[in-house]
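By letter and in written order, the chains are A, B, C, D and E; residue numbering begins at 1 in each of them.
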Amino acid sequence: MRGLLDLWTYAAVCAGLFFFIAGTVGILRLPDTLTRLHALTKADNLGVGLVVLGLLPQTADALAALKLVAIWAMVLLSSATVSQLIGRAARAEEPPR
Amino acid sequence: MTSAGGELLVLALLLPVAGVLLAFLLGGRWAARITLLALALGLVLTGLLGVRLFASAAPLTYALGGWAPPLGILLRFDGLSLALLATAMVVLSAIALYARAEFAVPAGARETRASFVFWTLLLGVWAGLTVVVLASDLFTLYVALELLTFAAVPLVSLEGRADTLRAALRYLLYALAGSVLYLVGCALLFGAYGTLDIGLLAQRAQADPATLLACALMTAGLLAKTALFPLHIWLPPAHAGAPAAASALLSALVVKGSFFIVLRLWLEALPAVVTPAAAQVPAALGAVAIFFGSAVALRQARLKPMIAYSTVAQLGYLFIMLPLVLGATALGQSTATALAGGMLQLASHATAKAAMFMAAGLIYAGLGHDRVADLGGVARSLPLTVWAFALAGVALIGLPPSGGFLAKWLLVSAALATGQWWWVLALAGGGLLTAAYVARVLMVALSSAGPAPALRAPVARSRQWVVLGLALLSTLLGLLAWVPLAVVPLGAAGAR
Amino acid sequence: MALVLDAGMALCLLALALFALTARASYSAVAGFVAYGLLVALAWVRLAAADVALTEAAIGSGLTGALLLGAAARLRASESTTVAWPSAARRAAAALLSTLVALGLAAVVLWLPQPAPTLAHEAAAGLPSTGLGNPVTGVLMAFRGVDTFLEKVVLVLAMVGVWSLAADERWGGRPGLRHEADPNGVLAFFARLVIPLGLVIGLYVFWVGADHPGGAFAGGTVVASMWLLAMMTRLADTPPIERRALRLALVVGPALFLLVGLAGLAFGGGFLAYPEAYAKPIILAIEVAMTLTVAVTMALLLAGPPLRSADGQ
Amino acid sequence: MTTTTIYGLLGALLVGVGLYGLIVHPRPLRKILSFNVLGSGVFLLFGVVARRGAAAGFGGDPIPQAFVITGMVVAFAATALAVALLLRLAEVGGATELDEPPPAEDRAA
Amino acid sequence: MTTFLLIAALGVLAAVALSLARVFTGHGDAKRLMAAQLLGTGGVTALLLFGTATDAGGAVDVALVLALLAAFAAIAFVKKGTAHELPPAAEPD
């Protein structure tokens, strides 16, 4: 059982890390703000989410697990809000081509 | 760890703090009332503390919460504490009486900005100084330094003009840099000895690199806060730009707080680390400050900047005390003469400088300006005020029977006894320059040529009497020669 | 591997500090500093100081960041493009001094005595009589309670100082400018969701502080940031500073500390000595008051001096 | 090389960087920023001292950790006061640079 | 497991640092906002990873507060301490 859970952690954290790296590559390589935003939100939502999911089996108790989920929820919420605002700021700065 | 009468220390600590909290909560006219009531209580309490200290002939102590150092914090009250606290109480009371009219809430208003800020911060300065004299833990002393900084800086910009705001900001940045440097030293000392209690540090401290670096950084930070040359440049604009009552508070008392911590650090926490040779450095800076500050004061066109530069000079005298005390310790002599001389200089300057700033404030209030060249004949318009200015000047110059005279006499004796004759030059030369800038003002003010200047606004007699009383006290301080000699050695450095 | 992480973080921190110092525009520098504050909080976790990490996360990156960002934005317009730097000689002298201090500190820190002196044993021995499980809370509230008490007084004086910068005719009014925000906009929506969550987190951080990392400082600061969020999204306005209830909230923490101390003095135990049976409830009561005071003070320190009259104009 | 060594060196370097900025940078806001960098360097030194004193089952000596918490709150209050002063100065007087000689001589005219 | 989680934490931090370098060299509010958001999430993730790896007490609580305050800082970026919301144009509905 333990081994299976650890395997899940390895897999999920690796996947999360992949999205972080993908997000970074996106920010470094993509041409304009809106497309970079696309990359950024992948890191936020999927990267954090997968890492949280991966760490869940490693937590000691239910409260710690709850806190992990709350962190993810918070990141999702702020990411959704902030990317809205970034989009708007981008529209004001660089008019659509 | 708690001595008999230790509860008095707690009450002395809580009184100004309770004053701050109550004045903040109630505000309005209550702020001034609370301050005056608390100061009256504080004077009584200081008297009681003095009596208890003499009776026990040993420091009063109180272990807070029953936790003894190194885990807990010890309050400790010795002769040096009494000297600073008594001075502070007298000067604070005089300033409060002087400021009562200026910072009253006018009829019809519930609360005004200047009144609320002045009274709460005056109580804040008192609280800070009380913690400075009582704490025997270097971190508690850091909090005390911050109390003083946060109480002092807004007083500078009380009038809200751009130049005072700039002076306040510069002062704040200097003070913060000083605090942080002090804090680095605390980190090193704790890392090396596992305590910041002054008594325990005195037992444990050795002259190793960590301790030396800590001592150097802490001293540098404290000197920036005390405005010792060349870290003085924040002081003149800050002290000259504040309202007179606030200037008196800043110049007479606030800078003394950080100086007092230098004494605790050098003479009590780290006596095994600092040497008489090391003490030549701050004392030499002090000597430069005496000549530089006085010379610049002589060239000021206005009264308040002149008095502010005089503070730069007078602070220099205080630092000459360090090599004299350490020299006496090294030679196995009694440190009482040098300590008493230094503390008397502190008390003398505090009373005289507060009186002088307040006299300048009255002249400003009466004439609407304080340009020295245009003060001709003001002695006939405001005789009491000019008398007060002259008496304060006598104390600053160090003419008998003033406290300044006795202080310099004691310092000169200590210098000769420890074979450090060169400090006599600084002590004497400074007196001459001080005489020059005081005389320059008095010659104009007392001139009989032309008509007496008309007063723009009436100056209340009661306020003039307060200033004169304080000036008189500083002039007569020298007659009380037995007090400092008896008080200061009580439980001070070396008697631990 | 942990050391590689530490070294990487240290390099990032140093780079961000240098960036904050050298960036041309103040606004960028402050943005760098916000990032810096966040990383410092991680460093505190690495130093096994979770209480400090919580405080740093709440104060260092959160409130200080918001404060400096606001200042940089407001000064942006008045910031001249060129500033007169000190002469090369003065810069060199300052660089020499700073380098000497840094090198001296580095050398001394490397050669601090081994084994390191510590008060952990004394703290562990004293902790049971306070009823607390978290030694840092024990130090802050019991062993060195007077430091905490006096530091609260520092906050009161700082509050007076910030308010003292109001114009005379605005005295008694509401701090800060009125924020503009659409009550149906995305920000308000976000705030409505986050504020309740944040308040719960703040109270949780305060509550666990008795036995686990947390406490009044971090908890109060989190609550403060939620109140500020409500102000920024116009769900709440700053209260007029003449209001008696507000003044009470700003002093209740130190005042309760003082009263409890006096009671101890009066009933024989001594100032700030808590009777062992009631130590924990008394400390918790002080901490509740303290959390309120910290929350209100931190938020209003950030809001600045009163700029509007009491009726909000 | 240990964790405390790395953060000790970092703390020392940050003190240097912050001190330099505080002395040299002409803009007050950047001086305030430098003060915060300097402060966090000092706090890290305290943190290293605390970490080295780990004993009695605690991850660090709680006394220096408490010092840091107190210091951080004070540093925030100081930053708030400095920023308030700076903004008021900008509002009242325009120029915010501190290094020109103070015109104390002529203001009462 | 420990080493793996630490490497993952290092990876996240490295990724964030790389994109930060890019973002900080650019101009405009949108880029700075992206930096703030990215650092917030990256920092929280790295903290969760190495907190679990080294069993650091309270690391999850710190991450919780950090996530909350990162959101707060992001809003402060948008509001910039001024009374106005960015962009100055009215909110679309």
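Here is the rule we go by: a residue touches a chain if its C-beta (ideal position, glycine included) is under 8 Å from a C-beta of that chain, and two chains touch if they have at least 3 such contacts.
None of these values were measured; they are calculated from a predicted model.
Asks: Which chains are shared contacts of chain C and chain E?
Replies: Expected: A.
Asks: Taking CA centroids for every chain, report which one is farthest away from chain E.
Replies: Result for the farthest chain: B.
Asks: Write out the two chains that share the greatest number of C-beta pairs in contact.
Replies: The chain pair sharing the largest number of C-beta contacts is C-D.
Asks: What's the distance between the Cα centroids of chain A and chain E, rounded to whole Å?
Replies: Taking the average C-alpha coordinate of chain A and of chain E, the gap between them is 10 Å.
Asks: Let me have the rounded angstrom distance from the C-alpha centre of chain A over to the C-alpha centre of chain D, please.
Replies: 33
Asks: Taking the mean of the CA coordinates per chain, how far is chain B from chain E in Å?
Replies: 48
Asks: Which chain E residues touch at least two other chains?
Replies: 36, 40, 57, 61, 64, 68, 70-71, 75, 78
Asks: Hey, what residues on chain B touch two or more of the other chains?
Replies: As it turns out, chain B has residues touching two or more other chains at 71, 139, 143, 146, 150, 153-154, 157, 160, 165, 184, 188, 191, 194.
Asks: What are the residue numbers in chain C that touch two or more other chains?
Replies: Touching at least two other chains: 2, 44, 46, 48, 50-51, 67, 70-72, 74, 101, 105, 109, 112, 116-119, 123, 143-144, 147, 151, 154, 158, 161, 165, 186-187, 190, 194, 197, 201.
Asks: Would you please name all pairs of chains that touch?
Replies: Here the touching pairs of chains are A-C, A-E, B-C, B-D, C-D, C-E.
Asks: Mind pulling up the chain D residues that touch chain B in the complex?
Replies: Within the complex, chain D contacts chain B at residues 15, 19, 22, 28, 31-32, 35, 38-39, 42, 45-46, 48-49, 52-53, 61, 63-64, 67, 70-71, 74, 77-78, 81-82, 85-86, 88-89, 92-94, 98, 102-105, 107-109.
Asks: Can you list the chain C residues touching chain B in their complex?
Replies: Residues 101, 104-105, 107-109, 111-113, 116-119, 122-123, 126, 142-147, 149-151, 153-154, 156-161, 163-168, 171-172, 242, 244, 247-248, 250-251, 254-255, 258, 261-262, 265, 269-274.
Asks: In their shared complex, at which residues does chain B touch chain D?
Replies: Residues 71, 139, 142-143, 146, 149-150, 153-154, 157, 160-163, 165-170, 172-173, 176-177, 180, 183-184, 186-188, 190-191, 194, 236-237, 240-241, 300-302, 305, 364, 369-371 of chain B touch chain D in their complex.
Asks: Taking the touch rule as given, give the residues of chain D at its contact with chain C in the complex, in rising order.
Replies: Interface residues on chain D, with respect to chain C: 1-21, 23-27, 29-30, 32-34, 36-37, 40, 43-45, 47-63, 65-66, 68-70, 72-74, 76-81, 83-88, 90, 94, 96-97, 99.
Asks: In the complex, go through chain C and note every residue touching chain E.
Replies: 1-2, 4-5, 8-9, 12, 19, 23, 27-28, 31-32, 34-35, 38-39, 41-42, 44-46, 48, 50-51, 53-54, 57-58, 61-62, 65-67, 69-74, 177-182, 184-187, 190-191, 194, 197-198, 201, 205, 208, 212-214, 218, 222, 225-226, 228-229, 232-233
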